[in-house]
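Each of the next two complexes has chain A plus one more chain, namely chain B in the first and chain C in the second.
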Partner chain A sequence: MSAVLPTARPRRSRPRGVLAPVALLVIVILIAFALVPGLIAPDSPVALNMADRLKPPSFAHLFGTDEGGRDIFSRVVFGTRYSLGVAIAIVFASALFGVVYGAVSGMARGSADNVMMRIVDLFFGFPALVLALAVAASIGRGLGSVALSLTIIWWPGYARLVRGEVLRLRERPHVEAARALGVSNLTILRRHILPFVAQEVNVRVTTDIGYALVAVTALSFLGLGANSPTPEWGLLIRDSRPYFGSAWWYLVFPGTMIMLTATAFSLIGDSLAARRGG
Partner chain B sequence: MILSVRDLSIGFRRIGGDLPAVDKISFDVREGETFVIIGESGSGKSLTGMSIAGLQPATSVTSGSIRFKERELLNRPDAELRRMRGREIGLIYQDPLGSLNPVWPVGDQIAEALRAHGLASGAAAARRAVEMLDRVRIPDPARVATAYPHEISGGMRQRAMIAMALIAGPSLLIADEPTTALDVTIKAQMLELLAELQREMALTIILITHDMGVVAEVADRILVMYAGRVAEIGDADAIMRTPSHPYTAALMTSAMISEAEPKQQLNAIVGVAPGLGSFPDGCHFHPRCPLAQDDCRSFVPPLRRLGDVALACHHPVGSDTALMAEA
Partner chain C sequence: MVNFLLKRFAWGILVLLLVAVITFFLSRVVPADPAAFLAGQNASEATVQKIRAEYGLDRPLTEQFVSYMVGLSKGDLGQSIRTRRSVSTDLAQYLPATLELLLVSFTIYLIASFSLAVTAARHPGGFVDGAIRLLTMVGTGIPVFWLGMALQFMFFYKLHWLPIGARFPIRETAPPVVTGFLIIDSMLAGSPSALLGTLKHLALPALTIVINLLAVGTRLSRAALIQEQSRLYVRTARGKGLGPRVILYKHVLRNALSPILTATTMQFGYMISWVILVEVIFDWPGIGLYAYQSFQVFDYSPVIALAIVSTAGFVLINLLMDILYPIIDPRVQSVGS
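Up next, the complex of A and B:
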């Protein structure tokens, strides 16, 4: 009956419309891996079974077995908790610290802002992975030190993003109007600025989880992260090195998992950014 | 005198000397009156209004004196000014949609001033927000209070902003171009509403505008600003009847012709207002002034009294001048 219906937006020609749900499915599966690995994995991730050493993929062992006869699929499933869990912890800790730091800096302006941002520049000026290596090396090997060192190099990105957003948003008319009512800076930040910063931060967090996962596994691969027999994905790849030539599955499946995970988070981040209108 | 401004100068800090935007202006605002500051964009009128509430840009430098109810406001710590904003001095802006935060319901934002000053909170604040919406003649205030800004009309948003500015009971309201974004009928309603609220709440209003029509409607006294200086100041009727400053006269002529006889050629003021940092020597208006003489180019005219008004002009418009607007 109504003649003037809102015109439908032209369909996106790019395949993002298909990829985003697939990416979401991948993430749901990964979260299931991380939360209830025991219900999904057929075998123990650590128990040795020398009779089945380095067997290729089969129905009994989907991803094959490693040099200790352990089911690689089970190790990958249990490893999700370590690799993805640490990546998420790094990004959340960085975002939390970076948002507070950036918001304080942006609201303070003037010389305090200047000093705070020069400190951020210092962190940016240092090659990230080298800094992480140095930190991890100095406080010792382990997933905890990987998490700490990556958080140290990760938060400045959030601080800079949030500070820029705060500076942009504080000129908005509704912020001016709130200031004209005598609303305090803290309330202005909480009610009139941070709700708008949250959209940007959400996009960044989602995309960053993928990158953080790559960084965590890279440090483990370099021997600074998890200790054997923890089934962390980067460590699996490190352990597979002597068998590159003879047991391709040992390298390929953990590697594919890292790639799939990073891609899935990146795609979801993109679709969030597109929905926000960016 | 509720407000006394003396020698107020506002400049912007820049390497190689500050850029002056407002140059030693003085004026008084009387309790209960509607004081209109009129000028083109770049005249410094908004900057003057904002500085009364201590809301001038952080990069500006100010000097002089702004006394509100016998208290000096200029260059006071922001925390002190913050306690006054909303509670003693209210502000409304040009853009009613932008001035409301899209993520909170209208009533919640109106109650914010009460919470900020510790006057009420929770359900009590919400109830007073609804009462305030009723006072600004919004029909069905309880429903509007729970609506989001995009769900109500432009006129209602403007009313909601007025409610927001007045809920904590300020005695001075500064309205910066409050009618610019509105169409003619809503503009008239808005001015009427402001006049009614002024009577009911014993408000003093400073209205900042570039619209001569608004001036004619509501002004008790007028301050005409041009390029950061006072051109003419005084009783609204006196100035409207016989504008003495050539700039005021030109403003009046263009406004009247465009309203009364739309077919006649628009009598625009020749040239454009000078931008920041390019103010001419002498009288700032001289390059555009039909009556300018040599002294106008080199000497700044002092402000002097002429009947009910004070003006800064070496050669005021005489009664026989062609520029005189016939009302």
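Up next, the complex of A and C:
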């Protein structure tokens, strides 16, 4: 479809040939971490072993050990499920809600659309972290409240994106033809509009997983998310604070994992966008 | 135009009201009991009751809400249970620290981002351009709290160049408070050593914020400039024989300014959220740390106050942008009226 339409969007920076496969590999490894951590991690993520307290990286402990003598590599592997899992849940929930909301708003047009978009604007004015503090205060600390508060601030982005796409697509000839044939609004939306919107949403979801991961770990770092001894990545960094002057590995490896993961998702998102738009 | 601004202003007030309502109710449905916390572990039930009455925590929720909103309209943000002072007094003490950090970081960011984007746009595909891409790619994935700690590790533990946190050297006496901005206050006191101490403490938190902002912002500015350069008027200008400098500074830059400005406004919004993290890591005595420490002991008024103050800040900046747009880009005027 892009061959027919003149495109007025900026050229996206295309990832070089090697980077996309590497990013894909990273994601495959992460999925393995999340699905079968027990097969990959050499040690238990929670069992204490005081004899090996705060040991630097070695062959026995790739990422070193923490203040309880636990293997940090094992903790990171087991933590994938919490950190990345919650990030993915947030983005999917936001996308689902945002797509439905945006589609309804775009199809309704007129004053209903206006009111619905005003509500979306309201959410954009909200300070994200402060809302998360308030949510965590009310329903208690934990990954559940992190997921809830981040979903509350994340969905409006999808609503706005989808509504714009729906407004644009509904004027296209194929939709007009369907309307002239008497196809119902719902069917038009489902069969003739949403499949096109899906491409945009896919790109956004992929990139957003990385950002959501950074947000989740930030809230855990502040002590709003998982509780010790859950090996959640942000919490690992929080726990490393008293020791990081002497045990650099405790800070470096969990942080590098967050960075690698976020970068991998944003690279894949970029290459999806390039394939679709370029 | 005036009509438009009035509308935007009313909208801003509505956003603020909503934030106040939501945060109030969210923070009062908490299972934890702040009165019990304040009374201490061995306090009798009577003491807890007394504290509860003192802070109005025994009244029905709706009643608490009404009195809160009435107070709010008078600029009263409630009492902090932790510091035992009014939140407005606390904010007045802590806000300058936050503002100083935000303003310094944002100014450095603006200058750096602007020069980087212009250089990248002048030589697309060149060294600076490549560096920006790399920075963007990795930078957006760096958690701000992790970056802060990494900088502390480097500049405090390893190099011993900069202090790990706080606003001012502990062993020295701070300059007398005039504005609350330590940079200005130490200049007013005429003390170079105080100024140096202030700047040293400011360096790492500001650097953390600047790096994170650069990662996102420079990409947007660069994209706006490069997109603008592919327009037909640029080709015409080139055809007329204008030099690349003249085209960039006189034509492209002016046209690209409003998308850059929009992106910058959004950035300021993110920064308000990040400042809590940065203040916690660097033990920076601003409103973010204040709200965070209060939150830890179930003292909600400061958290709500932070929500209201930061939203107000964001609303104000948006309003300022609405005024600035037509000045920078006269084409916008038709939309406004």
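Convention: the second predicted complex is superposed on the first by the 262 of 278 C-alpha atoms of A that agree within 3 Å, B and C clash if a C-alpha of one lies under 4 Å from a C-alpha of the other, contacts with A are read in each partner's own complex, and residues count from 1 in each chain.
To be clear about the criterion, a residue touches a chain if its C-beta (ideal position, glycine included) is under 8 Å from a C-beta of that chain, and two chains touch if they have at least 3 such contacts.
Every value quoted in this text rests on a predicted model; they were computed, and no experiment measured them.
For the composite obtained by overlaying on chain A, chain B and chain C can both be accommodated side by side without a clash. Partner contacting the larger number of chain A residues, of chain B and chain C: C. When the two structures are aligned on the shared chain, A:F244 is found in touch with chain C, with no touch to chain B. When the two structures are aligned on the shared chain, A:P173 is found in touch with chain B, with no touch to chain C. Once the two complexes are laid over each other on the shared chain, residue contacts for A:H192 go to chain B alone; chain C is not touched. In the superposed model, A:S184 makes contact with chain B only, not with chain C. Contacts of A:R275 after superposition: neither chain B nor chain C is touched. Geometry note, superposition on chain A: angle between chain B and chain C about the Cα centre of chain A is 100 degrees, to the nearest 10. Following the chain A superposition, chain B and chain C show a smallest Cα-Cα distance of 12 angstrom.
Judged by the document's definition of touching, no chain A residue lies at the interface with chain B and also at the interface with chain C.
Of all residues in chain A, those touching chain C in their complex are 9-11, 13, 121-122, 125-131, 133-135, 137-140, 210-211, 214, 217-218, 221-223, 234, 237, 240-241, 244-245, 248, 251-252, 255, 258-263, 266-267.
Against chain A, in their complex, chain B makes its touches with residues 53, 55, 58, 82-87, 90-91, 93, 95, 98-104, 112-113, 115-117, 161, 164-165, 168.
Of all residues in chain A, those touching chain B in their complex are 109-110, 172-174, 176-184, 187, 191-192, 195-196. The residues of chain C lying in touch with chain A in their complex are 11, 14-15, 18-19, 22-23, 26-31, 133, 137-138, 140-146, 149-150, 152-153, 156-157, 223-224, 226-227, 269, 272-274, 276-277, 280, 291-292, 295-296, 298, 300, 303-304, 306-307, 310-311, 314-315, 318.
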